[in-house]
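You will see subunit A twice below: alongside subunit B first, and alongside subunit C after that.
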Partner chain A sequence: MGKKYTNYLLLAPALILLAIFTIGPLIYTIYLSFFDWNMISPTKTFVGFDNYTELFQSETFRKIIFQTFQYIILFVLLNTVVTYIFAYIISHLIDRWKPIYKAAIFTPSVISLVVGSMLFLWILNPVSGPVATVLGWVGLSIPNWTVTEGTVIVVLSLIVAWKVFGYNFIVLYSGIVGIPNEIIEAAKLDKISKFRIFTDIIIPMSSATGFYILIMTIVQGLQYVFTPIRVVTQGGPNYLSSNLIYHSYQEAFDLFNTGVSAASSVITLVIFVVLLALQFLFVERNVYYEN
Partner chain B sequence: MKKIYLMMILTLITVVLAACGGAEGSSEEGSDEGEASGEKTQIEYWHVNAETQGGESVDKLVEDFNAQSDTVEVVARYNPDMYAGLMSNLQADVAAGNSPAVVQVGWAFLDYFSENFHYMEPQEVIEQHHEEDADFLEENFLPNILDLAVNSEGSQVGVPYSLSTPVLYLNEDVLEEAGLDPAGPETWEEVREYAKAIKDETDNYGIYIQEPADTWGQQAMVESNGANFIEDGQAAFASEEGIEVFEYYQDLVIEDESALHIGWDQGIQSFIDGNVGMLFTTIAQRNNVQSNSEFNISAIESPGWEGEERRLPAGGAMLAITAEEEDQQSAAWEFMRYLYSVEGISEWTKGTGYVPPREGVADNPDGLQDFLEENEMMQPAIDQMDSVVPWASFPGDAGLEAEQKLLDMRDVILGSDVDVEETVTNTEDEINQLLD
Partner chain C sequence: MKINKYIFHLIIIVFILLALYPILFAVSNSFKHLSDAYSSTISLIPNPFTLENYVDLEDTIPLFRITLNTFIIASVITAFKMVTSFLAAFALTYFHFKFKKATYFLLISTIFIPFTVTMIPNYLIISEFDLIDSVWGVILPQLADAIGIFMLTQAMRNIPKPLIEAAQIDGISTFNIMKDHVLPIVRPAITSTAIWFFILAWNDYVWPLLMLRSRDSYTLPLALQLFVSSEGGTNFTIAMALSVITMAIPLILYLVFQRYIINTFSSSGIK
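Showing the complex of A and B:
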């Protein structure tokens, strides 16, 4: 009996913090999504599901949901697929300078995203940035990406990739290095191609790590991209670089539409729960756990 | 070997952390002195000026004021995130029952502030507590400047303090290369010819018209052409004159390709790097543009339209009195009286780059005369003060959303060859639906 209490007592600090800073705000957000409120006025007007219908009828909001998925696809591509390949190449296909590659790839992870965004804004300035200047020598130009549909999302995703690539890389690298070398040596002796070693040995045997990175990429990527959006485009041009998380912020803290923002947050939550459930259903069952 | 890499990474981390650590601002200057002299009335002054944006001037002004006043002790409090951040802090503190005495209110929040918070009109405070200053506002401020702080119900909410207007910066080297008069264009019609000539002759962009997250620069163009952004609390920019301006703007970007359409930071950077001939932006950017560019640079007054009266919206903030107690209100004016003195305004202008809001400072040897002789680029902003009008602030809760719609409209018009009349008219209708 006493032991049981001790267990709960030891858990309590974490549980209390979780309740105050995660579960409490979550419930309050759901509550707020049924009201019309500007965050300052003393009165909140109950409006039922109006905030939700307003969002679903808005063409802009549908566009934003679509763009959210565009971001997710780009993140998975840049921060999981490409990272996996890099980790494989550096762990098994390269013999020299490994520490230099690891250090170089990891370094951006310690630099603030605001700083990174400002840097990219300067480097990729289509008129007078260094990239534009160098391309200009051979008669090429870069598109005016901050105001162009499509390219704006790609470049913002690249900024995020620059930041999170290093961390994901180190984690995947350690996952791949943990695979017993005999298996790979045996495969090499049997003249199995490098590509098949990657797809048939490396990926399945490090899939637990890979799955963790996949989830983190999707969940954290959208939060990370908030910073470059805020610094570079503020969601523009005409919402073409916005996503669900940025839109919730903008409605709440730029426009003080607390109710609409809360509704948008709840919709975001539902979408993510569904996404994660799908992942656990279809991806997780194929994951190999060593123990 | 490995140790060397570890050292490299550690050094890097240390450098990054050290760089981040320097940004903390001090928020409660002078509170120690307040405790020492108990009989002084203590009031709080809320401002938005970070260290890089005139924060040092605020500290100096408060310190000097406290040193010379026997009755009032001011504590300055810095609010991050500019005027919106100050508004939300104010809400929290008012709810908790401690109002500051003097606050900076950005022009865009004029109606929002006066609808949601309790304030005292400055003239009322003066008449109750400081008879000797009864004519101070009238004597020292141009009427159009005082009107900036009048809300849609006709109440004088505060006194203009930080003032900025848009000016046209010129890259004289580029103008010369294009064979243009370095004195620059006087009207928007001439601006188009200049921009085109620059594009054709030098292959640089002709002009960049500022595109930050507000439509202040566009309002200057529209209102100068005789259109109004707001009439009787309703959006009114889709008039014939208004549409004409947006068509002109679209033509510059899309038809002539002589104007750069890009975000604010990148636009100013492109001008500084010498790739754009002219820059239409706020005088508050003077220091940045002047000290970073390596060509011959000058600033001239905002262009007007042929045959129309020029009207330029003011940027910046006013000071409003939010003190609840009578002694605090009296102390608030005593402090403001000091801030608006010739010395106070001179210090403020030098530290921030804003235009002095009152008369009798620019040409005063005790004021800014020497400073302005050295900083010629400030002069056009001061000369055009008689053209200043209020920054359109849409009333009510939907005001901020209306401003967002204007931004969206700008993106659409400049993004592709859309029908301007239809776009502008639709946006006006949407905003008016919001406001109803």
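Showing the complex of A and C:
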């Protein structure tokens, strides 16, 4: 065994696994998106782009695309914007108890989303949950969110936010801490407000990390929210909490429309690729890199 | 100026209490009688304290079997992924070869592929090998994961290259270089990545959902799903007991290795 091939030998296990279970399936899913098939029948019927046109002509699917973007906006708001602000406060605006805060904020990130879904379901139970009880004391009530249009997406996003916040916080925090302190001290001496320091120094100078978190929040958030959707609402009421990821699952494993599911997955993939390309272009051009 | 700081501390503490409340809610209700859980929803202290939910849980589902399944799946996935990721990261850091950058880029880009894109073919592969409803059916497709390669490559890049190159020139075998020069230095990254993989696999829901059919082969998150109903129900406190069991292992691992995990993730965002 020549030394020349050692590197390929070392890479082989990982590459073979990825070829079998990721790259191969990716290609096969694209292939399946051009066929009509129910996963059981021995024959697949070639239908060209019919699965795609069927999707785009369906009212439900357009609703699902729209909701997917609603989820994206909520994830970005809860897990990038709010997280950024917290990371700034803890890194620069206070000077005590930072390690304890960091450790505590990260804690929910290690907990199963099924557990999270279950707990939020009970805590936000509109009749007997603790939130409803406390609000009841002052005469307020909470809607039956699992069946309420709009609210259902907000609460499902909140469950995912609960899980993802800590991870994003830790990464953004270290991005912010990486900014040379002299710049911030100089700004403080010039009496620049905390808000301006955040918008004019912190955000631009940690934007490589910021973009990474932004993209991960979207890519992972849409997949993470599958769990609360599946556990709590099954996409309902009337598809109002579904998104592209859940739709692919439902078409494949509830309705056995392999082709439509595959087409919906390919559309998701295209959206992700566009996001990544944007990040790549933007980051390479405009971003200040730490170090 | 001083007052500002107190306000910030207050905001953070309130936020943390809200974030940790669900955990306290689960633990406290898991030790309450069902009637008590309904009549005193707000109180976090069980009165009277009871273990009956944990006992009842044992009678409702094959708890030991389910916990063991979860443990086996998480351990095997973690072990395999760590070995393959370590070898690949080593090759990508210390060898020069054609298309190295392209290979790395290809590997890393698989991280962004949504699971729906691979789920149907993987389902077909597993059923072809008759592994549906088995531990291996859950494990196999999840071994393909480039995150470990990414994390370990980051860690290995921090080792001065001349150190390794000198050893290579001295004719020390690749195996010994890994064992004596690389492993000791990247051990913190290995520890935290392994713990993170274990926690991810322990909590995984999507793939076990597609693979597992019978209760005897369930994992903890799948079993928990049996207790979810938006209408409430008589199983509430039992469900809380199962929630506590499901989150106990990840929480304990996190508490013990907290510093490693936070340090490793701190450096994961910067490419």
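The rule is short, and it goes like this: the second predicted complex is superposed on the first by the 269 of 291 C-alpha atoms of A that agree within 3 Å, B and C clash if a C-alpha of one lies under 4 Å from a C-alpha of the other, contacts with A are read in each partner's own complex, and residues count from 1 in each chain.
Please note the rule applied: a residue touches a chain if its C-beta (ideal position, glycine included) is under 8 Å from a C-beta of that chain, and two chains touch if they have at least 3 such contacts.
This is a predicted model, so every value here is computed, not measured.
Visitor: Considering only the touch criterion stated at the top, classify A:L158 as touching first (subunit B), second (subunit C), both, or neither.
Guide: Touch status of A:L158: no partner.
Visitor: Considering only the touch criterion stated at the top, classify A:A187 as touching first (subunit B), second (subunit C), both, or neither.
Guide: In the superposition, A:A187 touches no partner, neither subunit B nor subunit C.
Visitor: For A:N238, is the partner it touches subunit B (first), subunit C (second), both, or none of the two (neither)?
Guide: In the superposition, A:N238 touches subunit B alone.
Visitor: Does subunit C touch more residues of subunit A than subunit B does, or is it the other way round?
Guide: After superposing on chain A, more of subunit A is contacted by C.
Visitor: Which partner chains sit in contact with A:I65 here, subunit B, subunit C, both or neither? Use first/second/both/neither.
Guide: A:I65 sits against neither subunit B nor subunit C.
Visitor: For A:S41, is the partner it touches subunit B (first), subunit C (second), both, or none of the two (neither)?
Guide: Only subunit B; A:S41 stays clear of subunit C.
Visitor: Determine, under the contact definition given at the top, whether A:A103 touches first (subunit B), second (subunit C), both, or neither.
Guide: both
Visitor: Considering only the touch criterion stated at the top, classify A:L77 as touching first (subunit B), second (subunit C), both, or neither.
Guide: In the superposition, A:L77 contacts neither subunit B nor subunit C.
Visitor: Once the structures are superposed on A, label A:G116 by its partner contacts, choosing first (subunit B), second (subunit C), both or neither.
Guide: second
Visitor: Considering only touches as defined above, state whether A:F256 meets subunit B (first), subunit C (second), both or neither.
Guide: After superposition on chain A, A:F256 lies in contact with subunit B alone.
Visitor: Name the residues of subunit A shared by its contacts with subunit B and its contacts with subunit C.
Guide: Touching subunit B and subunit C on subunit A: residues 39, 103, 106-107, 110-112, 118, 121-122, 125, 127-128, 146, 232, 253.
Visitor: Would you tell me which residues of subunit A are touching subunit B in their complex?
Guide: 38-41, 99-100, 103, 106-107, 110-112, 118, 121-122, 125-128, 144, 146-147, 149, 232-234, 236-239, 253-257
Visitor: For the complex, give me every residue of subunit B touching subunit A.
Guide: So the residues of subunit B in touch with subunit A come to 1-2, 5, 8-9, 12-13, 16, 20, 84, 87-88, 91, 116, 205, 213, 260-263, 265-266, 269-270, 273-276, 397, 400-401, 404, 407-408, 411-412, 414-415.
Visitor: In the complex, go through subunit C and note every residue touching subunit A.
Guide: It comes out as residues 4-5, 8-9, 11-12, 15-16, 19-23, 25-26, 29, 38, 41-42, 83-85, 87-88, 90-92, 95, 97, 103, 107, 109-110, 112-122, 124-125, 140-141, 143-144, 146, 149, 174, 199, 202-203, 205-206, 209-210, 220-222, 224-225, 227-228, 230, 232, 236, 239, 243, 246-247, 250-251, 253-254, 258, 261-262, 265-271.
Visitor: Help me check something: in the complex, which residues belonging to subunit A touch subunit C?
Guide: Listed in rising order, the residues of subunit A that touch subunit C are 6-8, 10-11, 13-15, 17-18, 20-26, 28-29, 32, 39, 86, 89-90, 93-97, 101-108, 110-123, 125, 127-130, 133-134, 146, 162, 165-167, 170-175, 178, 208-209, 212-213, 215, 219, 222-223, 226-227, 230-232, 244-245, 248-249, 252-253, 258, 261-262, 264-266, 268-269, 272-273, 276, 290-291.
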